[in-house]
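Notes follow once the structure below has been shown.
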Amino acid sequence: MRLDVVAAAALCAAMLFGCATHASDAEAERAALAMMQTSFRAQGQAGLDRLDRDEVQALCSKHPNGLPRDLAEKLEKAQLATIRYPASGKLMGDWREGERIAQSGVGKQFNDDPSRPSGGNCYACHRLSPQELSFGTIGPSLYRFGEQRGTSDAIRRYAYGKIYNPEAFSACSNMPRFGHNGILTEEQITHLVALLLDPDSPVNK
Amino acid sequence: MDIKRREVLKAGSGAGVLALAAAAGLMKPGEALAQEWNKAAFSTKSFADTVKALGGGGSTESRDIQITAPDIAENGAVVPISIESRLAKTQAIAIMIEKNPNTLSANFEIPAGTDPFVTTRVKMGETSNVYALVKADGKYYHAVKEIKVTIGGCGG
Amino acid sequence: MAKAIWIGFVALAIALPCFARAQQDTQKEIERYRELLQDGNPSELFEARGAEHWKTKRGPKNASLERCDLGRGAGVVKGAYVQLPRYFADTDKVQDLESRLVSCMVALQGLSSEEAKRRPYSGPGQPSVMADLVAWIASESRGMRIAPPQSHPKERLAYQVGEKIFYYRAGPHDFACATCHGEDNKRIRLQDLPNLTNAGDAQRAFGTWPAYRVSQGEVRSMQWRLYDCFRQQRFPELEFTSDAAIALISFLAKQAEGGTFEAPAIKR
Amino acid sequence: MADAMRIRANIVGDKVEVRVLMSHEMETGQRKDARGDIVPAHFIQNVTVTHAGKTVLSAQWGPAISKNPFVHFRFKGGKPGEKVTISWVDNQGDKRTDEATISGG
């Protein structure tokens, strides 16, 4: 009995001590923000402004286990409004170009030549053409994406929009906002849409 | 040094030239080894030409040569490869990579008393057939295996 | 849409067995590739140089690093790596191995901090004293348990801040460390991604850095690992031995606590 | 001067297992440096392994052998305490010779 009391008291003391010497979450956050500012240097095309976070980045950093439903819906709605479709109305380009873009992982790194086009690096995270054995699994397999969905206007708009700004469909998605953040051009995105949807694309063979 | 010189003199094609050079005092001791390099063989661009440059008239495929290597290499800069020959009187083991800029990677001379086995690591520019060429009792034999080279990492 | 999903599901169910088998074969061969590499690790060449650098007199004070305190007392190298990062009273800072070596080069050898940090990583034909030292010192903890101390408030703060940085999403690609290292059983291309929020993965990851990278032909340190992750995250350049780097390493080391240290390893 | 090789020579059964790592760039002559200039070819061309005055392996290499080369082979007739000597010479005339003592089985 007495032992229990002593143990409980010791535990309380330990907890109190622990609390007193642990920084609060807000303190840690402040320290982290300050540290980020002093720990990087501008290099090549990557200026220190890249450390500034927009609303999506700040919110997603803060909620590593996912946003509460209401916040997620609000964010998705706002991001949906950012999607710009090509003025020409043509959403499907050339799947061969798309395959090259999907394979290329360069672009936007501080050691990349900013005058050269970026790649989409799709294979880093997705399975696409079955011939490519070296694909990642951070995102779902997209093999047979078009074969399963067809090439209706709605599907084209969805595929284009998803690549342009995935946050519009899935808040805090791991996928970059290729159009919204200016990684890929509108035309490059149409080539990726073709890679996904064109019946002649190896993705659908 | 004498031992090395005798080896140079024994070392097949080009030996005559080397012997002359050595006799004329054109080579300092110790340089002999550096001279003994079959430039012609390392400049070839096909399996058949490499066999010729190494002194063979042709080569027969043999099941007594085993290539141990992964079917898929995670990186082409370092592809581990072992070759073992069960052919009697194996004298040399060469490694060739069909799609490299030059076909021949290495040629190992296996004296009596040394196992007809060697492991090393080679560079592969792309997915390719890899040949193990074995010289045994004066004749040439080979085995072949395709090794796929994959793109890896974050991409940049 | 619902119909499309249903059709997709059926197609997937049909395709799956085939796909799974091909997948397994690829994974199996990649595993074999990694096994075959284990026989000879060129990191040994770097470690041998590092052991020499430790004893070599350098700098204006013409002194070696043999009196450098890596946390276990002046000159003690055995087991030092697995108890880093840690708080050092003389600098009043939490330091990882490399930042500590910089402090020692400044204090013992009289180098300026800039000189000590001049070549943090090696390149083709350009060996790095720092990288060699790291390879050797890390090798002196092989087989030991990862046990970074958390008794000092600054050590605990470094961990907490490191965790925040781990989840810091920014840049044109919206990437955080957690984008690639926050879920189990994921890979990028064919490379398995450790989930650094999960102890087992964190132990395997932290316990195998530094590593000889066959893709680069160099031994790379944990500082380099973070530098290059941030490059690929499209961030600006992470400064060598910066506070953010040390905080992140503190977080990762603590996540890996209890694991067996098996570095320098050999990796793609 | 090039760094020392790391050599292991162990008796296994009636044979000596030799494993060697060499410190060498093995430049192909096709790589470009950061400025875009071609880095000249620089690679080991000849390797010789001797034991008790006899050559137990000799090799000719091209630039397709990986950086920091590794070789594993085995030969008969070595005893613990005896030496294995390995030499290499590269295309620029750099050379290196190291030896290791055979350890018991």
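We just call them A, B, C and D in the order they show up, numbering each chain from 1.
Simple rule for what comes next: contacts are C-beta pairs under 8 Å (C-beta built on N, C-alpha and C of every residue); 3 or more make two chains touch, one makes a residue touch a chain.
As the structure is a computational prediction, the values presented were derived from the model and not from experiment.
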Seminar exercise, completed: Comparing C-D with A-B, the one with more C-beta contacts is C-D
For this session: Mind checking the centre-to-centre distance between chain C and chain D? Centres are C-alpha means, answer in whole Å.
Result: 30
Problem set entry | Centre-of-Cα separation between chain B and chain A, whole angstrom | 48
Exercise. Hey, how far is the Cα centre of chain B from the one of chain C, in Å?
Worked result: 37
Problem set entry | Centre distance in Å when chain A and chain C are each reduced to the mean of their C-alpha atoms | 24
Seminar exercise, completed: Residues in chain B with touches to at least two other chains are numbered 72, 77-79, 119, 150-152, 154-156
For this session: Please set out, as single numbers or ranges, the residues of chain D touching at least two other chains.
Result: 66-67, 70, 72
Exercise. At which residue positions does chain A touch at least two other chains?
Worked result: 109, 111, 123-124, 133-134
Exercise. For each chain, which other chains does it touch, given as pairs?
Worked result: A-B, A-C, B-C, B-D, C-D
Exercise. Tell me, which parts of chain C touch chain B in their complex?
Worked result: 25-26, 29-30, 32-34, 36-37, 39, 180, 188-191, 214-217, 231-232, 268
For this session: Can you check the complex and tell me which residues of chain A touch chain C?
Result: 21-23, 25, 28-29, 31-32, 35-36, 38-43, 46-48, 50-53, 56-57, 60-62, 64, 108-111, 123-125, 133-138, 141, 143-144, 147-150, 155, 167, 174, 176-177, 181-183
For this session: Provide the residue numbers of chain B that touch chain C in the complex, in ascending order.
Result: 68-75, 77-80, 119, 150-156
Problem set entry | List of chain A residues in touch with chain B within their complex | 103-107, 109, 111-112, 119, 121, 123-124, 133-134
Exercise. Tell me, which parts of chain C touch chain A in their complex?
Worked result: 4, 7-8, 11, 15, 19, 22, 26, 153, 156-157, 160-161, 163-165, 167-176, 178-180, 182-183, 185-190, 193, 230-232, 234-239, 242-245, 247
